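Two complexes are shown next, each including chain A; its partner changes from chain B in the first to chain C in the second.
Entry: the complex of A and B
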């Protein structure tokens, strides 16, 4: 976990820089176009999801293929607030019901939409709903000692089931179209440059917070215990530990982080729909972490930003090639960079120090 | 408080797919006792340890600890917390962690994830205890190394050290000298004898020299039940034991 603090700081500084460049007058040579701010914000939200995936995959050995579910649930919670915030400015001008409900000829707000008109409540739910679902899921799975590929498959099933559920119109979350057409957040216009710049910086701050909290969690004795559980789970039982409880703590914390990422994502992308639950999305998140370097936290951030940057470029230039490129990237990483880009760095350092040592040995002369 | 039996197995039977690994096994261990268990391969030694530590539920029979805890109703962590520690035949240590961190995790203390979260780094008391164990197990100079980098014999000792850290009332030790040199074997026998001053021990071993060096009461297992029990000299005179070990 070297350099986690540096990574956190770098993200915050970079976001401040980008926001600053965006606020320069449009004629300036250094002016950053608005769409770039939105993109950067999206990448940072994805980086938060990647940190969540790395927490459980890199440090607890749980290969999750369904983490986008927690991300999307956080996103929906925030989306619900943004929908309520539209108020009477919707197409149908109904102050009490979001447009899609009016369209479905609903007459009153479903009970689970109450409270979402308040931002603090929605924020709490964006963290709490993923955490509670993760707690329930993890408690059942870990207690039954489901692990390895079987666990990965159920995480896929979890996110797939949620996707199907959210596609249904009568679930009350906008069905296929999801939630969109947001106007403002806490009274600030979501399309205003200053709001978008603030959201970008906020995303960086949350990412930095998630990194530092993870570092604190993993740095102490609990981190050692987690490594022990990852590498020799049954041995920890004979020491009196309950590995299922240990895994549950990280799993729930990770879902919470993913939920925060999802909430920030929606404010900057402007839409949340059931497509976010698609199993492929969770698999992509795993690829980001693999590319950056599993079990390093910084690598997760790096991988999320680089792979998504590549995705933006390639889907713009050659959209039909993106999935092949992603697949190839994953294969090449697995074959040649098993420890990801961070491993490259560590490997480079080791080679360098070996070379230096060899040189100093040679310099010390032939005497043994 | 007078506990007459530390461990009491009565008529324990375990079958795997029709194979009777344990067949009406009964065993009594007094507090403070050290017992050596010998027997040919497949005699049920490891299954017996599995039953005591909660890894395997017996089909029939009872297993009680300090005459008050029914071991057949508890799982591994609960039994470990009661005070039964186990060293495996194949040394299993946490390879990525340092020797010191391995010992730190093993130290007696609260086991809930939140207690571990709150504990953070080792206290001076814990540090002192770890240093003591490092000295006993002769791993002092390796404290900062990753456990995975230790030699086979050192891993065995580290695992014994982790048992000491747990400070259990009863230690189960499965083939501690497999793969050790003669000198290491002799040292391990000494170590177990010194451990026995404060803990009860059950040791499973094939190596007769080692068992002789321990000089304790011996139980011979065969086909899942007790064939003979007594000191090594009398047991090795027993014609049935000779038959099992040398015959066929």
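Entry: the complex of A and C
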């Protein structure tokens, strides 16, 4: 977990820099186009998701193939607020009902949409709903000691089931099309440059906050316990600890972080639909962490930004190659880079320091 | 069988005569050609709404009305066909059907096949469907026409004409020497059950000898009787109710449900018959759901069997399994295109897909998985990456869209068993899944390789100590599992869209089956597949397809909480490792 604080700081500084460059007049040579700000915001939201995945995979040894579910639930909570914020400016001009409900000829708002006209409530829900779902799911799973590949498969089943559910029009979340066409957030125009720049900086702050909170959580006694559970669960249990409780705490915290990432994602991407629940998305999030380096937190951020940057570039330039690249990334990372880029750096540092020491030893031996 | 041209409409009843007379009165006299066809032509302009309402009945009546001058009727019928007016064409069809003209059947079939052409002057020709090219026959005489007649337009069909055409053809078919055609005609008359067909049915029943056709005729007669208003006397109606009750099915139910007036005895009989039919329908529908469930289960079994083998022996979750299934389906496509024959191609594809996918599997094991033993989660990620590569490779080679895998003739269509509709391709897949499972069980139980595989499953280290080359067994096992995936692809190509995404749709389901059934146990996989398939299909009508699937997934998640290692977990010393 070295350098988590540096990573957090770097993210905030970089986002401030990008926002500043974007606010320069359009003629200026250093001016950053608007889409780049949106992209950076999206990457940061993904980085938050990656941190969440790293928390459970890197530190608790739970390979989650369904974390996108928590991300998307946070996103949907935020999307519901943004949907209500549209008010009467929708296509049908109905102040009480979002467009898709008017289209489905619903007459009144479903009960679970109430309260989402208030931003604080929506934010609370963006954290609470993923946390509660994760709590329920984790409590059941860890209690009966489902672990390893089985746990991975049922996390995948969870997000798959949610995807199917959200595709249904009857669910009241816009079905196939999801929630989109947002206008503003807390009175600020979502398409305004200043709002987008602020959201970017906010994402960086939330990411930094998630990193620092994770560091605090993992740093102390709890962190040691978690490592013990990851590496020798039975032995920890025999020592009198409750591995299921330990895992549940980090699992719920991770879902909370993922939900926050999802909420930020929606504000900057402008759409949330059931596709976000797709199992493939969750597995992709795992590869970000694997590329960056599992169990390092900073690696998760690095991996998310690098892989998604690569995706943006490749899908723009050579769309057919992207899946080859992603597939090879999975294969090569697991085969040759088991500790990710961070491991490369740490390994490189160690090798460097070993070489330096060897040289100084040799120097010392030659000196007398 | 009555002779053509003499039988139909031989003994008019008062019922059939009266509306004809009304119709004739409604039609203004037009020279000497006051034929049935002309009368019907006037019908649409007739000021009597009753006549319009009883359109199809009238058509039948006209069909059965006594017609003295048949040649003249046929001539008028031909003239009506050439008229270009839908009402007149319909009337002409009816007149021709009743006329007994030797050419009538050919001409009506030509009309049904869109090969009948008319000239403005009244000429009528049978040509080809394409257009004016080719040679033509004179419809009236059957004589070839030397040069293509000028000024041709097709005789078009409206729904009304089609109705008349069906009725006429069915009546003509009742006199056909071919038993299947008579049977089809009787069934068609059951569906139309127009009151006017009754005398014809009676006469056909009297002369029919084939028991199936007799039954169909009796059912058509019963339907006709019970659709008549007012209802016939009890002596006729009660046996008719019994006939329909014995027949069952939705059309019979609809006719019986319409019996509301009449005698209490009849109503009572009809109500009881309805209850009996409803019960049978429900039972058949449950049986149908079971069939669909087993069919889905066999598909899941095929897709999951290979996974059960690879995961069971090696503890390797192969996320590229779905892509191997997909490749099996593409092998079928290639085999069919190379051989040019869907049936042979499909048969060849079975061993070919096994070999191709088996070889790919061995390559995957040697090139990727063996470096990752003991790290199941990393294996999962690496094979997922491989699945993306394979998918994209197939997409680059064959394009992203669905390809057309042909279902051979002997596998398409359906047979009805009672109220069950058994689609042949699904039946074939169920049989195929059973065969594959039997073969796989035999390999595992009866061959040295199977013995070694089981030894490695149960205790890898001990097996190795006993001199089993575990790496070789691993490679062959993985090859076997992948080959079975290829076989699943061959089967799936017959019922599903074959596209590069084919495998993704099955991978989660197959994992569910394996996890549900318990790892490394073929019977567990079988039980898991059958249970999940049937549960899905039984929940579908109740909760809808998507919600049913969600319920199954949630139940499965709950099930894994209780039985983390599946229904039939492996037991033994080697399990935990």
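In this text, the second predicted complex is superposed on the first by the 365 of 368 C-alpha atoms of A that agree within 3 Å, B and C clash if a C-alpha of one lies under 4 Å from a C-alpha of the other, contacts with A are read in each partner's own complex, and residues count from 1 in each chain.
Going forward, contacts are C-beta pairs under 8 Å (C-beta built on N, C-alpha and C of every residue); 3 or more make two chains touch, one makes a residue touch a chain.
As the structure is a prediction and not an experimental result, all values here were calculated from the model.
Overlaying the two complexes via chain A leaves chain B and chain C side by side, clear of any clash. When both complexes are overlaid on chain A, the residue A:161 reaches chain C alone and has no touch with chain B. Measuring from the middle, so to speak, at the Cα centre of chain A, the directions to chain B and chain C differ by 100 degrees in steps of 10.
Of the two partner chains placed by the overlay, neither chain B nor chain C lies in contact with A:108. Of the two partner chains, chain C is the only one that A:148 touches; chain B does not reach it. Ranking chain B and chain C by residues of chain A touched puts C first. Legend: residue contacts after superposition of the two complexes on their common chain; A:222 is shown touching chain B, with no touch to chain C.
Across the superposed structures, the minimum distance from chain B to chain C, using CA atoms, reads 9 Å. Touching of chain A by both chain B and chain C, each in its own complex, is seen for no residue at all. The touching residues of chain A, when paired with chain B in their complex, are 217, 220-222, 224-225, 227-228, 231-232, 234-242, 245-246, 248-249. On the side of chain C, the complex with chain A involves touching residues 315, 317, 368, 371-372, 375-382, 384-393, 395-396, 504, 508, 511-512, 515, 546-547, 549-550, 553-554, 556-558, 560-562, 564-565. Listing the residues of chain A that touch chain C in their complex gives 63, 137, 140-141, 143-146, 148-150, 152-154, 156-158, 160-161, 164-165, 167-168, 279-280, 283, 286-287, 290, 320, 323-324, 326-331, 333-335, 338. By the touch criterion given at the top, residues 53, 75-77, 80-81, 85-86, 88, 92-97, 101, 104-106, 111-114, 116-117, 119-122, 162, 166 of chain B touch chain A in their complex.
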